[in-house]
Structure formats: structure tokens, C-alpha cells
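Next up, some structures in C-alpha cells.
Shared between the two complexes below is subunit A, which pairs with subunit B and subunit C, respectively.
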Partner chain A sequence: MELLDQLKEKIKERLPELDVVIGWEQGFDPLHATPLFMRTEEDVDRLVFSPLCVHNLASHLTGLKGKKVGIVVKGCDSRSVVELLQEKLLVREDVTVFGLPCTGVVSLKKIKHALGGLDKVASAEFNGNELKVSAAGAARVLPLNEIAADKCGRCQYHNALLSDVFVGAPVEAAAEDNYADVEAFQAKSPQEQAAYWRDAMQRCLRCYACRNACPMCVCRDHCVAQSREPHWMTQQDTVQEKWFFQMIHALHLAGRCTECGECERACPVGIPLLLLKRKINKEIKELFDYQAGTKIDATPPLLSFKVEEENINERGW
Partner chain B sequence: MAAKYLKKENLVSWLQTLAKERLTLVPRREGDAVVFRPFAPGQDIPLDQQATTPPKAAVFPQCEPLLAFKYAKDPENPGKVGVQVKEKLGDTPSVVVGCRPCDARGFLTFDRVYDSDRASDLNYLTRRRNTLFATLACDEPASTCFCNWVGSGPADAEGSDILMVPVEGGFVLEPVTEAGEKLMEQAPLEDAGDKAALAEAVKENAAKALGEAPDLSQAREKLLSLFDNMDFWEGVSAKCISCGACTYLCPTCYCFNITDEQSGAEGVRLRTWDNCMSYLFTMEASGHNPRPTKAHRLKNRVGHKFSYYPDIHDGHIACCGCGRCIKSCPSSVDIRQIVLQAIAASAASE
Partner chain C sequence: MSAAPGNELRIIGFLCNWCSYGGADTAGVGRMTQPTDLRIIRVPCSGRIDPLFVLKALVNGADGVLVSGCHPRDCHYAEGNFYARRRLEVLKRFLQVLGIDERRFEYTWVSASEGQRWQEVVQKFTERIHELGPAPKITPDQMAMAETMAAQPR
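== the complex of A and B ==
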């Protein structure tokens, strides 16, 4: 049986005991999938799974508190569920995880570059490791590795790390992540780095799609970015204020960010926000040898205290 | 003035002339986005597709200081503190070149609110009267385009001062207003000749490509009848993440917030974009929030555009059909679908 059919069958089995199961369905055009909230068997029939299923559905979990929720997760998405459980932001019994093996999702931005735009896509079809897409009257074949999200190229966790029901054959491969992208960026001079972010933040709209798409951003309606009490940030649209918010966002995620990249994917004006979080995660990895959302019984480093840290030389100056 | 022809290679020299007298805003590629920025010679001007952001900020800035204030002691009577207020008005003559008909038409939704018998918003009006639009007609619709659903079309000149129709090798420029005609006088133009017929063909093909629009005349009443049906709104808003991308990219969303940003004895009163997707948008001083969930808030966004606004503005829908809220939504929420579902749902419940 095909993976999708198996998944549908498993969801239908568990559906009677759940309020809702979150998966994906086809969106407004052949290249866009969209989150699907399944409450009936007919809903389940609309479920899809392909490299177009880019959304990390775990971002919806904390908003469904008190409900019995099923969720379909890829490897990376499962890390967010694990991290939320570690932080006791979810009740384990309330969440039923349908885990999948994943060989990678697309970056719609890369497809946009390849096609020169996403406005006129007529059809899209995956064939092995290729995407056949026709747009604006021309047909193109794009190899998956060229259009895959950057996170997929360094993925160490293709299979859901946590699942109540696992469907399909686990993917064997696992890449290394040496934070080469962060290193490359840091090779630039501080002036160049500052100029890069000044340019990028200039077009920030303060729409907070980055924040709301983040599975770990759980303050939601009480975010300091808009709060007048405390009044830490002004509502000015200066680079300084926007940058201030991104720093707060990144530091709140230190040791918690699972690098799903939803912040960056959600940004309507294409600001490469994941790079900021990866920089912090690189430090967390070096200092605490910790990767968020990979071990369900681990305590995140910034939620714990040790008198002597292995990798921090406290009195060595 | 009749329609004229502007060769593609002469566009830049026209923009250079315009930029001498007016702040000239054109599309510019920045990272993965195309945004409107002041014209700078030597820069690529991507006109082949709709910009990521509309030119909304040209008339309605993301953030604008309405006034600066300063508290100062009265030297005659130090016990008395006075406040000095300095109002600010943005009146730089501007022109937007290369926006789409939906973009220019978006301001008509603003006008009915900020330039009415009931209220006249000086800050808005000063910018509005100083800003012209040389709009590029669309030759081919995107999958997210639906301007024909809301009473418009790919060559709609309403709200524009010049309509530029793309043809092989350049643009056919049609003056729409007197001010537009004056701008055209500054362009190195040629007689349109047989290009005028080509332009008509472009318009016709684009309109045809959009296809048949569904009948939305029922939307007004049907959305109202669904007002208390929270099951419906919870269903259609389930995937919404309640961010402000849709509203800030919307050429017709005109809501704002006002905050005093004070440091020490002085400060500024700012007007900034605000959006009804935000929890704080309707938060009342008492602590009560009439729109506590994203379902309430999305109901407002759709209801406002397709029901409440048309209700008090002669049936005009407060949506220009540009489709940015669909294509840039992190969850691909499709407002077209919600409106159609609303029409169908309430039909079923009758």
C-alpha cells in the first residue's frame, strides 16, 4: 500500500477518539500545499503528502490546548513537538503523533528563482527525484536536490523522532551539519554583516509572520514587540526597532529553536531569519553539546543549572 | 492627448526626468522581494510581475510621525509645565511608476473613508493629492489574481493617472487624468500608430484569461447571516496563524494605530499600520477583547471587505483582487474560497 493510503487509514482509525488531526491538502495552485484540519473521514480523503508539504504543523499545537489533537509530522517537525513536550507546553496524552519518513521538502523560493516567478504555475508533478512543472506555457524539470530547502541538505533526522503511529519505511541517510552557512556569513567583515542586515531589515513590515509561524514562539498575543506595558519597543519602522525585535526573538529561542525554518519561510519579504537562529544554535551546540528537540527526556540547557559547565571556562581568565 | 508609444529603452530617461521634480517610486528587487523604492539610475526595474508589496506606503506610510511634542517649564512660572506641539505633514510631490491597476485602485477604498463628509484625514489627503500613478496594465493574470471578481479588470484605469499597456518593444501610454497628461508631456514619446491596436489586444486577452467571475452580489448578506456561526469561522480560520502579512500587503487595508513614543520630556505621536489579525487590535482598556480568537479576527477581515464596508459605501467591495494575501500567506489561506464558502454555506442553511 502507498504511504499516503496507509497514513489515511491510520488517521481514520484514530479519528473517533480525536477532536482534530492536522495534515496537508492541495492549496490554491499546483505548487502550494496548505494545512488541513481533519474532523471527518471525508476530510481525511483530501490529505496529501509530498515535498510540497513544507509547513511545520506543530506551530498550531499550542493554540489547540485542551483538545485531543492528532498531528502529521516530518522528521524536522517532530523535533518541535518534542521540544514543546520537554518544556511542558503540551500535554503528552492530548497529542497523537503520526510520524513520517521524509526525504526533503522544497523551497518555494528556489523554485521561484528557477522559474522566474510562481504566478503562473499550471501543473506540478513529482517523479522520483524530479519535479516536473509547467508555468507560463513552458515545461521544466527541476532536480529535487536543487530545489530542496536548505535545511533538508543538512538533515540529520529524516524520520519522526517521536510518533504514536509511524507510517512508511524509515530513511537511512543522515547528513552532517557543520554550520557552514553561519561560518561563511561570519567570514564577512562586521561592516559587511551589518550592511547586509540593514538592507534586509529595511523591508521588514513588522507583520510578525516570523513570530506566529514559529512553533516555539508561545507568548503569541502577549508579545513584547507590541506590548505597551512593558513598553520596551516603539512602533517606529526603523531598522533599529525591527532588528531589536529579531534579536529578542532569536535570544528567546536560544537552545529551543529546532531550526524548522518556518520564520524564514513565512516572511513575506524574504528576510533570511533562520541564519540568526542558526548562529545562536551553533553557540549552544558548542557550549552545551545540545540540539533542541532531539531528546524527549533532556532538559534544555537554559532551563537547567550546573555549578560547573564542561565547556565554559568560568574562572580561567 | 491621445495614446502615445514609449519605447522600452526610453523608460529610464523618462524616469530620470520625473525624478527631478517628484519622488519617483519604482519596483526594485531586494533579496527575494520586489518593493517600491525611489528611482535610482542604473538599477534594474522589474516590471514583469506584480511587486511583492503594493505601493501603499507611498500614500499611507508604514509609520508616520503626526506630530512632535515637547514638555517645557514656563520660565516665568517654573511650577507650570507647557507642551509645545509641532505638526508634521508629508507633502513631497511623488509619482509611482509600474504599479498594477489593483494597486492604484486600492486607494479608492481609502478615499471613501479618509475623505468623506464625516471625516477628512489631512495627513492622508496631503499625500494622496501629491501622489500620481503611472500604472502598468496586466498582460497575463497570476493564479492568485481575481480583480474581475471585485468589479475591476487587468486594464482598469480607475485610480490611475496614466495607464501603461505593455506591447512588444515598449508601452502604449494612455493619459487618464490631466496631471497624468502633464507627466506624459515629459516623456520621449512617439505616436502610438498601430501599437494602439496591439494595446487593445493585450487588454482583451488579459481580460479573457481571467475567465468568468463568480457572482458575489450575495456575499454581503450571506456573510452577515454567518456572523454568529462560529463553527464556520473556526473551520475556515483553522490554518490561519494570525499574523499581519495579509493586511500589510493589502492595497486596501487602511487601519492604523496611534502611539506616543516619548523619551524624557519629548517625543513623537506616531501613526503606524495596524491589523485586525492582531489580538491587541480590539483589546479594550477594561481587559475585555471582543475578538479574542483568530476565528473572530478572520471573520472581521473577510466580513469587513465583502460585507460591512460595501454596506456603508454604495456596494463597493473593500478588496482590489490583487491576490497578495493568498500568495504571501504562510498557510495559503485563500480569501476567495472563504467568500465562496460563505455564499454556499448560508445558502445551504436557508
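== the complex of A and C ==
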């Protein structure tokens, strides 16, 4: 708990100069954390940090433009802040970043699967790398690596890449990402893939939770999904409209998506949206050796070019 | 003349005004025979082409989409096609997980004087699309539409 105390202390130090600091607090049940907006010292006392703190709080930043905002970030969340700064969607002086080292967050879907449901959870506590839960009268111990979000298993940036205040000891490990999931999906035939997406998109409610959770989806009321001018989409509830919306989201995120996974986590019907974005990231990595959200002063690959492209064939046919 | 007579497919072409559209014109003025499956949409520059134009066409039932612009280093606006090249390449690879056959989309470069080359491009691409056949219909709506169209007298 040392880390949490240090963090609270640092936040309290900076609080007088800030309008609000965003962190996490205990949610409605022992397994859920929820975003916390701290304005007073008492608020700071409610702060928590554990692998249950799944939210990428950077999604709130552009909504608070013009205010002095503090934000607590894990490694992956910090990439969103970096990307927002790179795109000049935030003013550097207005954000104070409290960076943390992180060994992984949970996937509530996996916990749900392991427990057979998320109701009746009486207590949940992390002990090192194990989660002790008592649910429906029975106690269970779940190792973090079995219930961690997929993104954590391939995390290359456990420590916040950008921080004004870094709390705790940096995590040494860094995994490789070989995009095995994308490769596996790509190995299916176009027919199988089409059937898979048709099925998934039939479930889509068009709730836009995916878009709203995305820290890089900053258009708000101007999103093309709802605009009449340009009129990219109708309001019809057909598979191809919904499917086309996901293509829009993926392409509008090309070279910008930091793979925080919020879109997929937010989807109430469990559509693997991250796969689409990872496919594009995989290609961008291969073609332009670029990863979004790692450098503030990098040039986005799709807003630049080389006269001689090393990895694109000149298409002589 | 369609590659397979009486069995025309829907291919959408996005051509830049300065080179490829001119190239298609040159082919026409030279009376070169070409398949007629291609519907051309003229855009100011290949850099004007949002990859979503292509996806929207494919999602809504196009059997193939062809994009053509000025050769790299020959863009009327100096660098439009350099940006286009990056976007179109990413788009082409994106198709690999969308369940849309990658071969239904192609991008290439044809200049205004290359009537001959234009003819070859259209011929080759149209043949490829005919080999692939009509795009699989995605929704019951589209299937119904395809059936109605097929039932119409030609």
C-alpha cells in the first residue's frame, strides 16, 4: 500500500494548483473500480490503485479542455496522453501526469468466466499477483496472469512513458508483441471472416460505447456516424451500416490507436473490436516502423510520406 | 464489351483528373476496346480519395474497386499521390481481416498519355474480378436486391 500512500501525498501536494485530478475509486461492488474526480483532499483519500483499475482515464481529458487537470496513468494510458499531446489536442502546461508502474490489469470478462458470473461477489482482494475473491459463499484464488487483460500479456510499456510525477519502482519486464492473434484471424478464409463479422455485427446495438470510450475519438457531436453533412451513414440498423461504422472507427484511428483496448472493453455485446485496430497497427509497424503514442514529437505516418517508400511496391502492373 | 458478355459486374474506378482520367480519355480517343464493367468516378487527385470511399463501395456491394492516379513524383499537386500511396497500401492490407477478398481492390498509376497502359489495367482488373465472380452479398437486403436485379429483363 506504500505506493498508494505516496501517490496520494503527491496528488495532495499538487492539488492546490489543479482544478481536478482524475484517478480511480472503489466502484459499486468489490470487483469494480470507477473513475474518481478529485477536487479536495477528502476526495484524494478515496483513491485506489490495483489491477482492478482498468479504465483509461485519458478518455476524459479532451472533455476537460481549458482546465488544469491532473491524471493518474498506467503505462498504456500514458500512451494516450502522449498521442493527444502529439496531435495538439491537449496543452502540455494544462495537464499534470502522475505516472505509475503497472504489472497488468484484469479483464472482468475473464473473471466472469472463471467465476461463472459476477453477481454475489462479497469481497475481492489482491495479494501480490493473486486475486482472492469470495463469491456466492465460496472462496477462490485467481492468479493475475489467468485473468489479466490480453493487452497486458503483450505489454511493452509497463511504466508511464510520460510523467510529471512518477511514483513507485519501475517494472523491468517488457513483452514482445508478435500479433499472433491477428495472424490467426487472417489465416481464415474471407468467407469465414465475413461470416464471423456478420454474426458479430448482428449483435451490435449501435450504442457507440466503443467510440465514447476511445480516448482518441475526439469529434464528439461532429462524429460522422451521426452527421448529415457529410452523410456517411444512415441511421438504419443494418449489419452493413454497423459494420461500416467499425471500419470508419478503425480507419480514423489508423496511426493513432494506442491499443488501450477501451473500445473492446466497453462493448456490451463482446465484439472483438481491438482486432481490427491491431491489424492496422501491425501494418503501420511493418510499413513505417511506427507505434502511436510513444513519442510526442514524432510525425504521424499517414500525415507524411517518403518519395521512395522502402516497404511499398511501386505497383508496376 | 464485358469480359464475359452478358454478365457484367460492378466495378468502381476512382481516377484522378490529371493523369488517369486523361489516360482513360486517351484510350477512348484511340478507340481502344475495353471491358464496360468499370464505372468511373473522377476526383481531383488520388490524394482526395478517402479510403472510406473504397470501403463504402465494397460494403454496399461493388464487385471490385480500382483506384488510379498520377505516377509517384508526377502528381499535379506535387505530393497528393504520395499520401494516397500510404493510405491505399494500409487499406489494402486492412481488407485481409475484413472478410473482403483483397484482390477486389487495386491501386495503380497511369499517366494521361498512357492510353495503352490504361486499356491493359482495365482489362486485367476486370478479368480478375470476373474470375472472383460477383461479390458475396452481405445482408438479406442485398441478397433480395441482387435477386430482383437478376430477374429484370436485360
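The definition used in the following text is that the second predicted complex is superposed on the first by the 313 of 317 C-alpha atoms of A that agree within 3 Å, B and C clash if a C-alpha of one lies under 4 Å from a C-alpha of the other, contacts with A are read in each partner's own complex, and residues count from 1 in each chain.
Assume contacts are C-beta pairs under 8 Å (C-beta built on N, C-alpha and C of every residue); 3 or more make two chains touch, one makes a residue touch a chain.
What you see is a predicted model, and the numbers here were worked out from it, not measured in a lab.
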* Asked: Put the two structures on top of each other at subunit A: do subunit B and subunit C fit, or clash?
  -> fit
* To do: In degrees, to the nearest 10, note the angle that opens at the C-alpha centre of subunit A toward the centres of subunit B and subunit C.
  => 90
* Is A:Q186 in contact with subunit B, with subunit C, with both, or with neither (first, second, both, neither)? -> second
* To do: Quick one: classify A:S123 as touching subunit B (first), subunit C (second), both or neither.
  => neither
* **Which of subunit B and subunit C A:Q235 touches, first, second, both or neither** => first
* To do: Look at A:E314 in the shared chain and tell me whether it touches subunit B only, subunit C only, both, or neither; answer first, second, both or neither.
  => second
* To do: May I ask you to decide whether A:Y208 touches subunit B, subunit C, both, or neither, giving the answer as first, second, both or neither?
  => first
* To do: Please work out whether A:A254 is in contact with subunit B alone, subunit C alone, both, or neither, and reply first, second, both or neither.
  => second
* Tell me which partner A:E262 touches in the superposition: subunit B (first), subunit C (second), both or neither. => first
* subunit B versus subunit C - smallest C-alpha distance in the overlay, whole Å -> 13
* Structure fact -> Overlap of subunit B and subunit C contacts on subunit A, residues none
* subunit A partner contacts - residues on subunit B that touch it in the complex -> 30-33, 35, 48-50, 52-53, 61-63, 140, 142-144, 235, 238-239, 241-245, 247-249, 257, 259, 261, 270, 272-273, 275, 278-280, 294, 326-328, 330-334, 337
* Touching subunit C in the complex: which residues of subunit A? -> 182, 185-186, 190-198, 232, 238-240, 243-244, 247-248, 250-251, 254, 275-276, 279-280, 283-284, 287-288, 301-303, 305-307, 309, 312, 314-315, 317
* **subunit A partner contacts - residues on subunit C that touch it in the complex** => 51-52, 55-56, 59-60, 72-73, 79, 82-83, 85-87, 89-91, 93-94, 96-101, 106-109, 121, 124, 136, 138-139, 141-142
* Asked: Where on subunit A does subunit B make contact in their complex?
  -> 20, 27-29, 32-37, 55, 59-60, 63, 109, 112, 116-121, 136, 199-200, 202-203, 205-209, 211-213, 220-221, 226-228, 234-237, 262, 265-266, 268-272
